[in-house]
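Have a look at the structure below, then the notes.
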């Protein structure tokens, strides 16, 4: 059954929830789930609601009816149909535990999206994509970064991609790229940000002797490893672990965190305000 | 500043949120935080909202205006003022880590309640209560359980108690008592319910070789250790731990879980439906 | 490089470690890692050590030299070569997230074993096994349980299997079977044992309103869901989760816990004493 | 009963465990618990063992017998009696949840040490110390930092202090001080190091939108918040939490982490190598 999700954020004011849900009731909408939070430290109102609609529901009419209220409260708002699947492109290099995780979870029906294409700077993961019947393309960085990025962007366009997921893609995207895909590229960093930015986070962690390691899924921006954090997970590590063991243990955390972040995106649970996210479930 | 909290539960129907928030808007109310969830497995609608009111707000008028809507949707509902402090009585036996935790957290301003009395079947914790300036009474079970319970219930009445917290109180309350205080007695069980009901849960856990131990805060009912679960927390334990070490480690989990459950109660986040709770934050 | 692991358990006495490591030193052995623990609640001494050996090391001679000491202290003991890979058979029904996890982790080099065969009561997972080049057999329970088990046991024998892993195998093995494979069958139970034994543990958990769900890997015995627990993992769940969502979230915990238990087995970290394990790492 | 603990670290070589445990056996020692680990990434051998001794045991003789072996393997080593209580001074400013935690845990017999003195830059916590019968001194920083530190160091000397615990002491100790007390000052930092060094870590965390907050206990060195990490703990935080709520939730993590680190110190489980610790339990 087609349901809808509405996401609203705006400066905090009196009467927003009543105004919103009043219009919804006037249009025969039944709210299934609603979360509203005002981040008073930065004075931002946020609302997410899942709702079902009557048989004669006309989305365009509803959006027109909603528009004056949205203007009045200066809302950023958007309505999503649960039937409209986001189209995801996966970027991957050689390490493929995150790629496998995405494709298996998708196959299991746990990710409400389409994955029409996999792109890599290497050829090694072509068989993995093929086995799930997904077209695979190489963007060969050895021929130059600009060319490789141009190729990737062309493929994204051809496949009408909505969101890019970097599943351990070991190339740094240019600012042009990340700006064009603002808040539409999810990256998995194999460290607990904001600590351990940059290369070899497990080596950094081991030499610091930290007792907990983690992974961070975030939107990629032009500043490496500094985009808004979407999800983080951690595990306790014993000091009897070698660097190699940290890397191995970390892989489980990475794939779990990446899929979790993607699921939050697909649920429309992510709000972004001034380089941080608010997750409302 | 005085804010209010409304708690609503009822069978699921269309238009409840709009009806509720419409009346709120009509009365000049500003919603600060709202969580709505429908447990579709049992068809129960639940809503919790924190709101602020205009200067001329009259609570009684609002409640009267709300009543027809409540009747229409067959709501269980209640409004709480953040200025009205619940009055808590603490029952304790000899082990006092939970008592200390409650009194220190309360002193630190982290528990929005009054603790006007501490009651025990022993005298040993009288100095602890006294040091916080709280009257202490003994209910001497060696003189008979009926007399002891009668004394406790009399004290609860005298001190106009709203909620009883059993902070490692090692006597089993009679069904008469638990029925009279239905969903108003929070107990801490030092095991991960529903496993390890009854006595010596850490011994049970050790001999089973479980790898994780926990504590459970629940409403006390006439069925021992089977009332609705409010909060649970766990820790991983090494198999190199002795029973004694489990007991020691468990104490931290117990006090944390009990205080957490009490905070949920004081936030009006607990909904009870057919012997289970739903926590809505 | 071939290293060795020694596992010893016996009643606690003075001088065991010195006796053991003395013989090791006499044979030119270099200890890489050693953990010794005495469970004083049941008076059991346990020792696990990983060691490297000189070029001229003769395992048989060493074992002969060790035997008198073992007899003196009434030891259960065994030496394992890190080069000798345990041979694992996977039993699976229709749900295959645990099967995928095992095969991918194995392919990634994270499980030091061979997986020469997959057996199922259904045909649906044949393609999964085949894709990893692993022979697949059906044991058709619709033809009778005795016949199906006989077929399984014959296959285990043919493939010289050391350990059986039940990766969500939804048939109950007979006592004959579990006795014959005592402490050599690892099962994953999709609930937090000892609570939630038997069928539909996520339904049980939801209706109890528990705040944490978990999975348990244990040795299968003739008593359903009561064998020694090897590993347990948990996740916090929101009360806004449906039963279906619990089941989905639980799948991640299940596969993680099962692989973790298998890795402990392959590391020779599991000691069993009177229906509980001690994990020594 | 008096037991002993031995801590050994040295470059990795063959035969160390055998040599050590051989001497122990020759002296009638019974090993209760032994953990040995070689950190092969930095080639360091570490061993911790708890042992009981015969009635006629002479510690000095044993140490003399051990010395040649220690020299041969270039060991850092030390023997501790479980009867010799470390003498701890607590430094605290105004926030006192860590102070309370230390004193209550100590009173409960969970910390095997003496706490003969509490020192603060303020007077506000004098009643807390007094209630446990512990002398309290003020080191008034408003009179100058040098004078205040001189006073503290004098008190530490008078009370024959072994270890300083900074329980939310909000002054930065001078390099002279930290050098003089190298690896003998435990500080609690209210953030997850190495992220969030410096002031206001919860504000930093909130504005970064991290999903997990933590606390870090570490040895204080002349480089602020960069000394060897002893213990870390974390909690997941909801994005519906305000900065104030993060601070409140963080307090529980802080006190738990600090006491945990102190317990590790008192158990002689901490090894330090090149600015990181290895915890061997």
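Order as written gives the chain letters A, B, C and D; numbering starts at 1 within each chain.
Heads up, the rule we're going with is that a residue touches a chain if its C-beta (ideal position, glycine included) is under 8 Å from a C-beta of that chain, and two chains touch if they have at least 3 such contacts.
Note that the structure is predicted; figures quoted are calculated from it, not measured.
Participant: Once the contact rule is applied, which chains count as partners of both subunit B and subunit D?
Facilitator: A, C
Participant: Taking each chain's centre as the mean of its CA atoms, which one is most distant from subunit D?
Facilitator: A
Participant: Please state whether A-C or A-D has more C-beta contact pairs across its interface.
Facilitator: Looking at contacts between chains, A-D has the larger number.
Participant: CA centre of subunit A versus CA centre of subunit C: separation in Å?
Facilitator: The computed centroid separation for subunit A versus subunit C comes out at 36 Å.
Participant: I'd like the Å distance between the centres of subunit A and subunit D, where a centre is the mean of that chain's Cα atoms.
Facilitator: Those two chain centres are 41 Å apart.
Participant: Going by the contact rule already set, what residues in subunit C reach two or more other chains?
Facilitator: If we look for residues of subunit C contacting two or more partner chains, we find 33, 37, 238, 240.
Participant: Touching residues of subunit B toward subunit D in the complex: what are they?
Facilitator: Contacts found on subunit B: 33, 97, 100, 104, 108, 110, 131, 238, 240, 248, 252, 256, 281.
Participant: Applying the document's contact rule, which stretches of subunit C touch subunit B when the two form their complex?
Facilitator: 37, 39-41, 192-196, 206-212, 214, 228-229, 231-234, 238-240, 242-243, 275-280
Participant: With touch defined as at the start, can you tell me which subunit A residues reach subunit B in the complex?
Facilitator: The contact residues of subunit A facing subunit B are 14-19, 21-22, 24-25, 28, 30-38, 236.
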